[in-house]
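Across the two complexes that follow, chain A remains constant while its partner is chain B and subsequently chain C.
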Partner chain A sequence: MRDKTVYTLGILGTLLLLYNFFQIFLVIPIDALQGNIFRIIFIHVPAAFTAFCFYGVAVVGSIAFLMTKNFKWDSMAVSAVEVGTMFTLVNLATGSIWGRVEWGIWWAWDARMTSQLMCFLLYLGYLIMRPAIAEPQQRGVMSAVLAIFAAADIPIVFMAIRLHNVRTQHPGPVLETGTLAPVYLPPFFGDWVAFMLLASAMMLVRLHQESSSREIDSLRRELHAI
Partner chain B sequence: MAALAIAGKDLRTEWRTRESLNASVSFALVILVLFSFAFDLDREERLAISGGLLWLVYAFAGALIVNRSFARELPNDCLEVLISSVRGWALFLGKTMACFVLLLIVELISLPIFGLFYNIHWIGSIFSLLLVMALSTWGITVVGAALSAVTVNVHLRELMLPVLLYPLMIPLLIGAMEMTTGLLNGNAVLSDVRLLIVYDVMFTSIAMYLIEFILVI
Partner chain C sequence: MSAIDITNLHFLFFGYSAAWLIMIGFVFLLVRRSRRIDRELSRLKSLVEDKEK
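Moving on to the complex of A and B:
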C-alpha cells in the first residue's frame, strides 16, 4: 500500500514537473528586463514554499512526539526536516545562480538570502545532532525540542534581519504585490504542487527507512540482551 | 526559592574552582588580541565594527560558560539527584541565573579591556550598554542553558553545542551588535530593545515548558 502511494505520488509529481518545464522553457514568453534567467523563479520560489510547508510538518511531528512518545511522529519530524532542508538548499542554489547572472555575484548578504541561510543552518544542526544520540527515546525528545526551538527562532530571524539589513536588493514579493503576470501563475503554482508531490514521496520513503532502522535497532538490542 | 538555591550552589562551586570564569576571561582576552591582528583598522573603522566585535567575544565566552552548566552535574550522577529533588523548571532557571551572572562578570571585565585595546570610549553610555548587555546576556544564557541540557548526554557535546547555539542566537546578536555599535558611536539607539525582550520572553517561556521533557526522559 505504502509502495503504491510512493510510486503514485512520485510519478504524478514527475509528470507535472515535466509538463511545467515544457511550459516554462518553451511556451511562456521571455521577461523583458531579466531575459531567460527569470525562468529560475519557477523553481526558486516554489522550492522555498515547499521547504516551509515541510518545516511546519516537522513542528507538528515534534510536538506530537513530545505529547505521545510515539516514534512514528519522530520519524515524521526527521523525514520532514530532511526534505525541507533539501528544498531550502535548492532555493539557495537557484537564488545564487540568479544572483550571479543579474547582480554579477554569487552571494550578497541580502535580507532574504541571509534569513534563508539561517533556516538552513538551524535545521542542519538538527540533522547533525541526531546521529550523535544513541538512545532512541532520548534522540526523539532532544530532536523534537530542537525542532520547536528552530521554529520559534525563524520568525525572529526574519524580523531581525529585515529590521537591519538595509542592503536589500532582492526582488519584492511577487505574489503579494500581484506583479507576477497571470500567464506565469499556472507554471508557478504547478511547480509548487509538483514539488509537494515529489517531497511527499521522498518523505514516505524516509518514513519507511526510519521504521526499518528502528526495527533493526530493537532486534539488535534484543540480541545483546540474550 | 529552589531556583535561587541552585543558582547559589552553582555560583559557589564556580567561585571555589573558577574553572569557567578563568577560561572564559582568558579566552575573551585572546580573541580581542587576535582581532587586533586580523584587522588593521583606523579609528572610524574600529568604531564601525565595535559592537560586532564585542558581541562575538561575548558569544564565544558564553558558549564556554553554558557548556559546563549541566555537564558539571554528570560525575557521581548529581544530575539525577537534582532532578529528583527540584522541579525541572526551577533547576533550569537556577542554572540559567548562575550562567547569566558568570557571563555578565566576563563581559564587565572584557569591556574596559576592549575600550583600552581599541581606544573606544564606552563610559558615557554605560547605563544603556548595561541594559543591552543584561537583556542580550539573558537571551544567550537561557538558550545556551537549554541546549546545554539537550546536549549533556550527547557524544561530542563540546562540538555540538556551538553548532546548535550560534544559529539560534543570530537574531539576538544582530540586535545587540547594532545597538552596541550605535551606543559606542555616541548615538542613543535603543530601537532593538523590543526585539531583545521578545526573544528573551519567548525563549524563556518555551525553554521552561520544554525542560521537563528534556530532563525527565
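Moving on to the complex of A and C:
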C-alpha cells in the first residue's frame, strides 16, 4: 500500500512536471525584459513554497512530539525537514543562477537572500545535529526545539521583500501585486503542485526509513539483553 | 539570436540542470539509505532468531 502510494505520487508529480516544462519552454511567451532566464522563476519560487510547506509540517510534528513524546511525530518532523532542506537548496541554487544573469553577481547579502540562506543553514544544522545525539528521547526533544526555533526565520524570509525599511535587491512579491501575467500562473502553480507531490513521495519513503531505524534500535537493544 | 540571448539560455540550462541534479541526487541518497537500512534490519532479525534458538 505504502509503495503504491509512493509510486503514484512520484509518477503523478513527474508527469505534471514534464507537462509544465512543455508549457514553460514551448507554449508560454518569453518575458520582454528578462528574456529566457525569466523561465527559472517556475522552479525557483515553487521550490521555496514547497520547502516552507514542509517546514510547517516539521513544526507541527515537533510540537506534537514535545506534547506526546510519541516518536512517530519526531519521524514526521525529521522527514519533512530533510525534504524541505533539499527544496531550499534548489531555491538557493536557481536564485543564484538567475542573479548572475540579471545582476551580474552570484550572490548579494541582502535581507531576502541572507534570511533564506540562514533558514537553509539552520535546518541543515538540525540534520547534522541529530546523529550526534545517541539517546532517542534527548535527540527528539532537542531536534523539536531546533525545528521550532528555525521556523521563526520563515516569516523573516517572507517579510524581507515586503517591508519598506528593509534593504533588498530581490524582486518584490509577484503574486499579490499581480505583476505576474495570468498566462504564467498555470505553469507556476502547476510546478508547485508537482513539487508537493514529489516531496510527499520522498517524505513517505523517509518516514518508512525512520520507522525501520527505530525497529533496528529496538532489535539492537534486544540482542544486547539476550 | 543575440549573444545575450545565448548566454541567457546557457544560464537557464544551468538552472534547470542544477534543480534536477539536486532532486535526483536526493532520490539516489534515499534509495541508497533504504537499501542499507533494509539490509541491516534483516541481518539483525536473523541474529535475534539465531540467539533465541
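In this text, the second predicted complex is superposed on the first by the 211 of 226 C-alpha atoms of A that agree within 3 Å, B and C clash if a C-alpha of one lies under 4 Å from a C-alpha of the other, contacts with A are read in each partner's own complex, and residues count from 1 in each chain.
Here is the rule we use: contacts are C-beta pairs under 8 Å (C-beta built on N, C-alpha and C of every residue); 3 or more make two chains touch, one makes a residue touch a chain.
The shown structure was predicted, so the numbers you read here are calculated from the model rather than taken from an experiment.
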{"item": "First, second, both or neither for A:Ala48, with chain B first and chain C second", "value": "neither"}
{"item": "Contacts of A:Ile161 with chain B and chain C, given as first, second, both or neither", "value": "first"}
{"item": "Partner chain(s) touched by A:Ala150 [first = chain B, second = chain C, both, neither]", "value": "first"}
{"item": "Touching partner for A:Ser213 - first (chain B), second (chain C), both, neither", "value": "second"}
{"item": "Chain B versus chain C as contact partner of A:Asn36, first or second or both or neither", "value": "second"}
{"item": "First (chain B), second (chain C), both or neither touched by A:Met196", "value": "neither"}
{"item": "Touched partner set for A:Val141, first chain B, second chain C, both or neither", "value": "first"}
{"item": "Partner chain(s) touched by A:Leu122 [first = chain B, second = chain C, both, neither]", "value": "first"}
{"item": "Complex contacts: residues of chain C adjacent to chain A", "value": "4-5, 7-9, 11-12, 14-16, 18-19, 22-23, 26-27, 30, 33-34, 37-38, 40-41, 44-45, 47-48, 51-52"}
{"item": "Of all residues in chain A, those that touch chain B in their complex", "value": "66, 118, 121-122, 125, 128-129, 132-134, 137-138, 141-142, 144-146, 148-150, 152-153, 156-157, 159-161, 163-164"}
{"item": "Contact footprint of chain C on chain A as seen in their complex", "value": "35-37, 39-40, 43-44, 47, 86, 89-90, 93-94, 97-98, 100-101, 198, 202, 205-206, 208-209, 212-213, 215-216, 219-220, 222-223, 226"}
{"item": "Residues of chain B defined as touching chain A within the complex", "value": "143, 146-147, 150-151, 153-156, 160, 163-164, 167-168, 170-172, 174-175, 178, 192, 195, 198-199, 202-203, 206, 210, 213-214, 217"}
